[in-house]
Amino acid sequence: MTARFLKVRKKTEKICTPLLVEDYSVQPSDFASPPKWHLAHTTWFWEEFLLTKYNPDYTVYHPDFSYLFNSYYNTVGKRIQRPSRGFMTRPSVEAVYAYRTYVTAAVELFMKNDLNQEILDIIEIGINHEEQHQELLVYDIKYLLGTQATFPGYGNHFLPASEKQEVGFVKIAAGIYEIGHTGSSFCFDNELGRHKVYVDDFEISNTLVTNAEYLQFIQDDGYRNFNYWHDEGWAWVNENEIEAPLYWHKIDNEWQVYDLNGLQKIAADLPVMHLNYYEAFAYAQWKGMRLPTEFEWEIASSQLSWGKVWEWTNSAYLAYPNFNKASGALGEYNGKFMVNQMVLRGASAATPENHSRNTYRNFFHPVMRWQFSGLRLVK
Amino acid sequence: MTARFLKVRKKTEKICTPLLVEDYSVQPSDFASPPKWHLAHTTWFWEEFLLTKYNPDYTVYHPDFSYLFNSYYNTVGKRIQRPSRGFMTRPSVEAVYAYRTYVTAAVELFMKNDLNQEILDIIEIGINHEEQHQELLVYDIKYLLGTQATFPGYGNHFLPASEKQEVGFVKIAAGIYEIGHTGSSFCFDNELGRHKVYVDDFEISNTLVTNAEYLQFIQDDGYRNFNYWHDEGWAWVNENEIEAPLYWHKIDNEWQVYDLNGLQKIAADLPVMHLNYYEAFAYAQWKGMRLPTEFEWEIASSQLSWGKVWEWTNSAYLAYPNFNKASGALGEYNGKFMVNQMVLRGASAATPENHSRNTYRNFFHPVMRWQFSGLRLVK
Amino acid sequence: MTARFLKVRKKTEKICTPLLVEDYSVQPSDFASPPKWHLAHTTWFWEEFLLTKYNPDYTVYHPDFSYLFNSYYNTVGKRIQRPSRGFMTRPSVEAVYAYRTYVTAAVELFMKNDLNQEILDIIEIGINHEEQHQELLVYDIKYLLGTQATFPGYGNHFLPASEKQEVGFVKIAAGIYEIGHTGSSFCFDNELGRHKVYVDDFEISNTLVTNAEYLQFIQDDGYRNFNYWHDEGWAWVNENEIEAPLYWHKIDNEWQVYDLNGLQKIAADLPVMHLNYYEAFAYAQWKGMRLPTEFEWEIASSQLSWGKVWEWTNSAYLAYPNFNKASGALGEYNGKFMVNQMVLRGASAATPENHSRNTYRNFFHPVMRWQFSGLRLVK
Amino acid sequence: MTARFLKVRKKTEKICTPLLVEDYSVQPSDFASPPKWHLAHTTWFWEEFLLTKYNPDYTVYHPDFSYLFNSYYNTVGKRIQRPSRGFMTRPSVEAVYAYRTYVTAAVELFMKNDLNQEILDIIEIGINHEEQHQELLVYDIKYLLGTQATFPGYGNHFLPASEKQEVGFVKIAAGIYEIGHTGSSFCFDNELGRHKVYVDDFEISNTLVTNAEYLQFIQDDGYRNFNYWHDEGWAWVNENEIEAPLYWHKIDNEWQVYDLNGLQKIAADLPVMHLNYYEAFAYAQWKGMRLPTEFEWEIASSQLSWGKVWEWTNSAYLAYPNFNKASGALGEYNGKFMVNQMVLRGASAATPENHSRNTYRNFFHPVMRWQFSGLRLVK
């Protein structure tokens, strides 16, 4: 487990390697966090929930850091307001790396002890928590660089694999299925409460919708026809004059996309990415099909090739029947977000290895699209 | 059917009888509409979808009214922005009543013809549409009067019946149940697509949560403990300094409530009303129970006494599996709101007679609480 | 004085005669007040500053009205927030007229006593205060009706007289002049503190800028050339997509204007109205001239024909050298607005008779243009 | 002149020496600009107005920089919106320094030519422009560091000298005085148009108001008494819950101030700083005195010791009688800000040497207080 821990810690830093010091502190939107904040927050998590709690010999690195790098854990005290994260130029990037080094070493040392299950569980959560932030880090870095006037390159595309196979539909028979995580491996609390659901017959596409397919929707004036849109989606399109997915730019009458290495031509075979729920839903309406529910997706998943982009489902993010909030700050982890968000299933090119499974429930507000999100159709 | 039509038209006007002319045009919040607007909009609906379309002899009452009193039907042309509805002092209240009289007479005359099923369906929708607005009209009037500094009376409490029976729980066995409207009577499109769902065993309260019970939650600092709240609910509580349901006022250290006839003492046995979803959810958390899903509610409904207040469920408002949007403007009716809202089941003291059934799906944004909404617990 | 008092009270009501009851309560913008509010507020003023203070026998009409109809007098207690004025449907219009009748009668009765100078001064201020509101009432009524989709008529144009004479310039010699009110007649506190100013030679136009002249500015793309504009004016033009004065509408490629009796063709010879300071300044820049200072205006005034529209000056609204705030609530009257506003001189067709003099200092924020404001050039 | 030029360029960079790379790119408020932006913008100024225009051999350093680092010169093309300046992590700090080096060298080389007066004038403006930004740079750095949770030090206090002399008043006799710049030395366009003004007798304090004096105002509940405040000032105090000047923090019931080297005790004898116009005005009201006009200040200046902090005057920032806007982009320089701002006279500890004179007209919106601003009284 120590090896896994150290690997995760190193990976987070590796994602930041291509950044300039300037890139670390800036927050170009309320929904994004500065890379420095991710580096520090994932470190604070270890300090707060593992070291401070279970290691009586541990000395907190800096008394202010809990205040500065807590995210949303109300149990742990006053947190800094999200939109202000981008004004924190101090502590410096160097100081935050020193903080990481200090805490990583302290955890490594602490893990040499004979640890009970409660502690091992915290470590497992800590690893998974940091992996989650690794993916957010990629989103935030892409947003940061992709909104610079100069479209600077990053050195890694994080591109999904192409969707080259023939479009076909997998048929699933009606019946009662079991949903939710099973077995003893790690999962988040929101996947627990395995339970039965009844689903009708359905057919689900074996491929993700591609750029080429989505371009047809654009060219057919999909963004100009309210029939395909939710009322709130239509308002969003009009208020923001949306004409294409995030990072698409029409230059000299041709669509280009910022893909972490600068502007590129649209690659026809790649799964379309950076759609929000409104767009995914509108596309499906235009196509005369629909999005799967998260249950349909999970049931069919073993027969699908998935993992290229997160897939919007038509399920709202709600508690499974027997969901129980853990007590204390870790119990705040997922449950409190179970309103106004939609579930995405699958994984993306930015998802850490081993951090995906077919019961994983990702979730975002319907309007969000800086995450690596696309869609798959059901008929 | 003509009798039903005329009765509905009269009922809408009767709801407005206690109002002063001054009350008709004002819009105290973006979510509310002026009474005059309801009167005109429900009239415009008949004119636009019935008379203009199917009666070649019909002369439109006024060319501007379609623009002024359309609500959200994008198919029908430019609508006036919602927040501006409250600045429309012209046409006058008298002119709007004249408009009603003209259209009511035209519909009545038209109904003397031998009408085909398509037309009869439109009339049925028109009646139900106007009934829906009757309930909104009560909400809006209560909000309008209840936010006046002088708490004027209206002459009708629209109070729910008391909840005097013993608290008990109805047990429902696990299994597959059918959900959705059946039979040939009228329902809205969102109730169609009857389909099977599997539910686990559950026990649902035979009573609604009362004012007395809710007061305990307040007195136990329920509004000050984030553990009970969604993250967004907690933000709402704090930004708005919420301490109680809408219309509750603490005066000389005692809670009073505005109930359409002025300020009153809290009646212990009445179902608590004017909660939003965040509050209903928080109360259930505090109680160590949960809200029912809309499926559980529908399955148990025949064994419950319901209809006093709308009951928040823990189901997001989404399409049933085989939901099909009707084509044209009437197809816009419900489907486009299927995001970011939660389902309420039941009915309230403001629901028109005959306008409730156990498959009815009401829906509001989680933050809304000017509607007559309470809750029932499940364990 | 009783006759003057009664005449003023009657005049306020007469301005409202053409209104429907619906028009009285609505507030279409934060800067406008509902007519009912003006009726009540000017009444409250008499009650608060005269009757309550000096008549021990007086019984306050209604205990809530002080809270509801105070405007900005912090000394007198909590005031209702300005933007909420438009939601007050109660007290009714009828009730407010009854309030007026009650207070008018009480003042009339009280004036039969032998009154000392202090009281006479309050009455004088009350009359002038109500006259000021009469002009605001016209502005607010015009805004209310002029922003209705149907452009209803009011029955009185309040049009300025035409500007038919030849354009010429009045020459004023450099020197020291005295500025400010003199003599024993009434004036507001901001006109006092008569003092000397030195002005250079200047030439001031004997005419106001007309619609025909202003149209040339529009046609010469004056609204599209930032060189004529203040930085903040330019931002205002662009954010609001301004192309013409308030109430101008381009219909079938021709400019029309709402003038209180519906849409009309632009009358070439009328002084241009409903400009804000940014527009007046930009016009002068385009013309290669400038606006007068308020001192230049006052010095030249005896040689000008003025009173058709308020004239923007290039003077900020600041205290005269020896300005002294009166003590108490009446002392709040003008002084506290002496920042961020520009002075207008003259009078308009909506100014009550006898309520204008060449020392009168009107003032508005540079962005405002619902008042009857135009300009005169200096070179 | 080359020496002056090089000195100014070096000085700008020296101000930034204590910064971390992280500090350069962040914009903690719309009114502040990131240090990197100042470095680049002052460089762009030389490139745009000198090199590109007058040196045919010059090669623009980077085609995007004009777009990125223009500030408000509409003549020169699309500018980046102010609030977005803080998201520009690219070009890097290093790249911006390289840009500076390139342009500085190019200007130095160009200055070896025999330059005509027009070009020499541009250079003079460029030097003064960069000096102005040096002062803004200090304000912005102070704001950036002073709003960090950790109050980091900078290494230079930029503290004003103490105000230790006896309070006394300088008497000035009434009469006509000449105002505005005279002679052939450099001044900004807004100081030109030397003209006569008449002023009455007045007495002006020979000292600035000190921290100790201002503390009395606080302790006398000056921030809680609306009588001292403008209406807009009072709203500002209440909406923002203001209790003291910017950078003052009440810690353990004692006022401390952030002074660029961390939190310090309040020094009684230092001139009070970081007041906005509302506060300066309110203090004077409380004291029963007033602020000087900018004319009074200029007339008395030779008898005052000034230069410690900028002094709010009671004059609005408006054009002098014969003000003429220069043509082209440099003509945009000052004139377009002549509305809604108040004049400050004097200089501060952050003002570059040789960049102050008694005709200098500084100006800020009444609400601003991150500049080094205090006050002096007149009676």
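Brief remarks on what is shown
So that you can tell them apart, the chains are marked A, B, C and D in the order they are listed, and the count of residues begins at 1 in each.
Criterion: a residue touches a chain if its C-beta (ideal position, glycine included) is under 8 Å from a C-beta of that chain, and two chains touch if they have at least 3 such contacts.
Here's who's who by UniProt: A, B, C, D = Ergothioneine biosynthesis protein EgtB.
Since this is a predicted model, take the numbers as computed values, not measurements.
Following the contact convention of this document, no chain is adjacent to both subunit A and subunit D.
Common neighbours of subunit C and subunit D, by the contact definition above: there are none. When chain centres are set by their Cα atoms, the one at the greatest distance from subunit C is A. Note: centroid distance subunit A to subunit C, computed from Cα atoms, is 57 Å. Centroids of subunit A and subunit B (each the mean of its C-alpha atoms) stand 36 Å apart.
Centre-to-centre spacing of subunit B and subunit C amounts to 45 Å, using the average Cα coordinate of each chain. For subunit B, the set of residues touching two or more other chains is empty.
Pairs of chains that satisfy the touch definition comprise A-B, A-D, B-C, C-D.
Residue ranges of subunit D in contact with subunit A, taken from their complex: 20-26, 28, 36, 64, 67-68, 80, 86-93, 144-145, 147-150, 152.
Of all residues in subunit C, only 72, 74, 174, 176, 195-198, 200, 226-227, 229-234, 277-278, 281, 290, 314-316, 318-319, 321-322, 336-340, 342, 366 touch subunit D in the complex they form.
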